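Quick one: the structure is below, and I'll ask about it shortly.
For clarity, chains are labelled A, B and C in written order, and residue numbers in each chain start from 1.
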Amino acid sequence: TEWNVSLWGKRRAFTEHVEKLAELVSEKTNGEFTLNISYGGLSKNKENLDGISIGAFEMAQFCAGYHRDKNPTITVLELPFLGVNTLEEEVAVSHAVYAHPAVQEDLARWNAKLLMTSPMPQYNIVGTGEPRDELAEFKDMRVRATGGIGQAFSAVGAVPTSVTATEAYNAMESGVVDTVAFAQHAHLSFGTINKADWWTANLNPGTVNCPVVVNTDAYEALSDAEREALDSSVDEAIAHYLENYGALLTKWDSVLEEKGVEKVMISDEQLAEFRKVAADPIREQWIKDMSAQGLPAQELYDLVQKTLNDVRSGS
Amino acid sequence: MEPIEIGLWVTGGLLAMVVLGMRVAFAAGLAGLAGLIWIFWAKFGYDPARFAKALTIAVKTAGQVPHSKVSSQALSLIPTFILIGYLAYYAGLTRALFTAAKRWIAWLPGGLAVSTVFATAGFAAVSGASVATSAVFARIAIPEMLEIGYNKRFAAGVVAAGGTLASLIPPSAILVIYAIIVEQDVGKLLLAGFIPGAFSAVIYGLLIVGIAVVFKSVGPPVKGFTWGQRFASLPGALPIILVVVIIICFVYNPFGGDAWGTPTEGGAIGAFIVFLYALKEGMKWTELKSALLETAKLTVMIFTIIWGVLIYVRFLGFADLPGAFSDWTTSLEMSPMVILICILLAYAVLGMFMDAIGMLLLTLPVVYPAVMALNGGESVAAADSAFGMNGTMCAIWFGILVVKMAEFCLITPPIGLNCFVVAGVRPDLSVQDVFRGVMPFFVADAVTIALLVAFPGIVLYLPSLAG
Amino acid sequence: MAGSAAVLEDGSLVSRLDRRLLKAEKLLALISGLAVFSLMILAVVSVGGRNAINAPLPGYVDWIEQIMPLIAFMGIAYVQREGGHIRMDIFIGALRGRALWLFELVSVLLILLLILALVWGSWSHFLRSFDFAAPLWSRDSSIDIGLPIWPAKLLAPVAFAVLALRLLLQVWGYGRALVLGLETPPAVPLVQSAAEQAAAEAEQLAGHDTNGSGQG
């Protein structure tokens, strides 16, 4: 069996688990089952779910925030200030949510089955000039942030500004935005770190959630041995991803040092205030909207919090 | 049959349809659709019972492409820049520029043609679309050249070649597309295009002067303009200077402060300024309406090619033709410079058959990483690199080279868009006439590209200033 | 010639239908043009808002992405009617009479085949983003401010359906020319002789150039 896998961009920390998965699956089946990974050749990233639904390819990665209406249930994982601090926690909450029947039903509309997540660290902001470490200083700040994170900044008086990722550096340089919210690897690859004077180390406003899915029919058509090879490789692929991203995060500190970027720590009181203003109303609105669509919104949110507690208590 | 073989067959079919006179956009779309059907059916082992399924997947995959590919912010620069071109034309700016160029430099041998080249270079600074530039100057400059006895093919060639300058001199939609594909800073690339664009114009000018000196019949000099007339011609062209300054300031502030915005905004604000100037010059609704209709026609024509070619490119993605090319290139044992030159030559050949944007979209995902790897990787330092420049600078340098190649393919047969447009505007010229007239400029372009390869400083001076 | 060509008119049914369809096509093309104009206004509002009152247009990129399909698709049938989609005419330009009409007919039939497939494919692309049961009927939304995307996706099958009508008329026009052996059939773009084209072009440009000549 040969599967086509639709990713985008180029091979990077964000795609290492899929690369590893391909390696493992081929190894375990003696090359009987191969994953043929394509970076952007098979589909545009915002249409990977469409491609899965059509049956054009068998596996794909996408981010929930690209198209909230396509995958309303997963957007629970993109709510601001969920409280996720590490990549391991991000994996745990994502996989718990993916296992929920309502989420599986949501994705079944696309003939898609959730396989694993692509854990992303929190979208902390870089900025120029004096560090903004108090809520009051976020007022009128033009920030490049989309979706739930954008809404959170908006709640404290900042002005979310639409700029594509590729224009982020330019927008920062030209003062179109004062700050940019990205994960570390994106601050590196889009060059925003080169423009920065400071980076918020502990704001942790939220992140995006990017699952890897497979076409349900193709998954069911696999032989038992092939399916077993695929399923059993997920944990190892994720472990490889975490190790690789961990190395990048270690490097991050030295990058900050090298470029003279200040690590800004925001006080607990300020963070609590931010959460109160931004997190609660946005979450409540989300629960209200999703419940109106007949989705078990409260249940999904509670599942995230319960999983987070379980992970931390080590059970 | 292997997907790569299917890829080669379908590509052959596409060329046949194009040569037989099918409209290019639809030939590419049809080839892509047929290829997709073939590749999905092959995957099902050519089982007749599953043909309908393969057909459905192929049609739905192709059906995504038009909306998916055109709804892009980067591509919004194309209609904006075409609109600037037409508005500038209706505001009389193009003619003012041509008049100024004529009064200042038409005394040279082949003077009117040289003036045309420099006027197109000036117009390039408010227009991002090579095709629009050629269309506009075909209307203004060709009649004057014919009036004083120019060979009509040569006159058409000058306009078709001059039009290509718009892609290098910012604003340039194609540079923006390159920047987006390779994820490099748009502003720096636009800056980098400036000197090579002006440089190309000078080489074109020298070539024309040379031709006019050798063949006296080609183009007589136009003498007799007084200094008073020369200076009187400048104010009419001033609004263009204003627009140039504004567009540049939206990309990079030469006065040292922050730039004023993003390239997308800069283009649109530039259009707005020309629009206001056209209003001041007395543009009425009927004229605005024709400007909008003309913009729509040209834009729709270009976008139809874009999505048509991209259906074909989507099929190539499934056939993995780019992947095969990549493996083959990296297995070669040659010096990086020789490989780079081979790549540029391959672009020249490919450019004969493909439209510029389609060619870049198709090849860059494969070629760009190969070139970066040849230089020593994305984060290589200048001292350790093969081409003597760091990764970022290599990306910019290669971008300018590729765009120059893409410009070159706008004037090479059989599908040279600029030549088609000139022939379209000038009913007395066939496409073949324009292709014959533009041939001398192939030499000029070859010289320009050789110099840009030998002296990367021409490209990299301005972007290195911007830090 | 690759660019513009002439379409003759007479009292025949196919010509009358051609002119009726042309009205709709021209209107759609003008909508394309106005959409380009709106891009410009959008930027002025966004830049102005940002600099004057620190209020950039929310979802600037989302709005641009919604407008682009309007620009790209609405004029497609008009351009086909005028013979404006570029092609290589080295071969086909050398043909005359029935041989020419045969090649034109086959070419238009192939395009029709592609466009019918794309009406189906782009319609299904639209359907995947559309859901009567969902808020705003939306099953696909933009990244920043969550605009429903189905209206923009619907533009493709609509514009392609109009193009399919145009292609049907051209199949009829070329087919009629082939059967009747016409020299100058109506309702289809003709490869003109140089003199005819020059006359048409001069007439068209006469109005345009008055504005510019004041500067010259």
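Basically, contacts are C-beta pairs under 8 Å (C-beta built on N, C-alpha and C of every residue); 3 or more make two chains touch, one makes a residue touch a chain.
The structure displayed is predicted, hence computed values, not measured ones.
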Exercise. Which one of the chains is farthest from chain B, going by Cα centres?
Worked result: A
For this session: Taking the mean of all protein CA atoms as the centre, name the chain whose own CA mean is closest to it.
Result: B
For this session: Would you kindly tell me how far, in whole Å, the mean C-alpha position of chain B lies from that of chain A?
Result: 37
Exercise. Centre to centre, by mean C-alpha position, how many angstrom separate chain B and chain C?
Worked result: 22
Seminar exercise, completed: Taking each chain's centre as the mean of its CA atoms, chain A sits from chain C at a distance in Å of 40
Exercise. Out of chain A, which residues touch more than one other chain, so two or more?
Worked result: 46, 50, 163-164, 176
Exercise. Which chain B residues touch at least two other chains?
Worked result: 60-61, 64, 68, 73, 260-261, 264-265
Exercise. For chain C, which residues are shared contacts with two or more other chains?
Worked result: 61, 125
Problem set entry | Residues of chain A defined as touching chain C within the complex | 46, 50, 53, 65-70, 140, 142, 146-147, 150, 159-164, 176, 289, 292-293
Problem set entry | Partner chain A, residues of chain C touching it in the complex | 50, 54-56, 58-62, 125, 128-129, 134-135, 138-146, 148-149
Problem set entry | Residue ranges of chain A touching chain B (in the complex, touch as defined) | 4, 9-10, 36, 38-44, 46-47, 50-51, 54-56, 163-164, 166-167, 169-171, 173-176, 189-191
Exercise. Along chain B, where are the residues that touch chain C in the complex?
Worked result: 17-26, 29-30, 33, 59-64, 66-68, 70-73, 75-76, 79-80, 82-83, 89-96, 98-99, 139-140, 236, 260-261, 264-265, 267-269, 271-272, 275, 281-283, 287, 289-293, 295-297, 299-301, 303-305, 307, 414-415, 417, 420-421, 423-428, 430-432
Seminar exercise, completed: Given the complex, residues on chain C that touch chain B span 1-4, 26, 29-30, 32-34, 36-37, 39-44, 46-47, 61, 64-69, 71-76, 78-80, 82, 84-93, 103, 107, 110-111, 113-115, 117-118, 120-125, 152-153, 155-156, 192, 194, 196-198, 200-201, 205, 208-209, 211-216
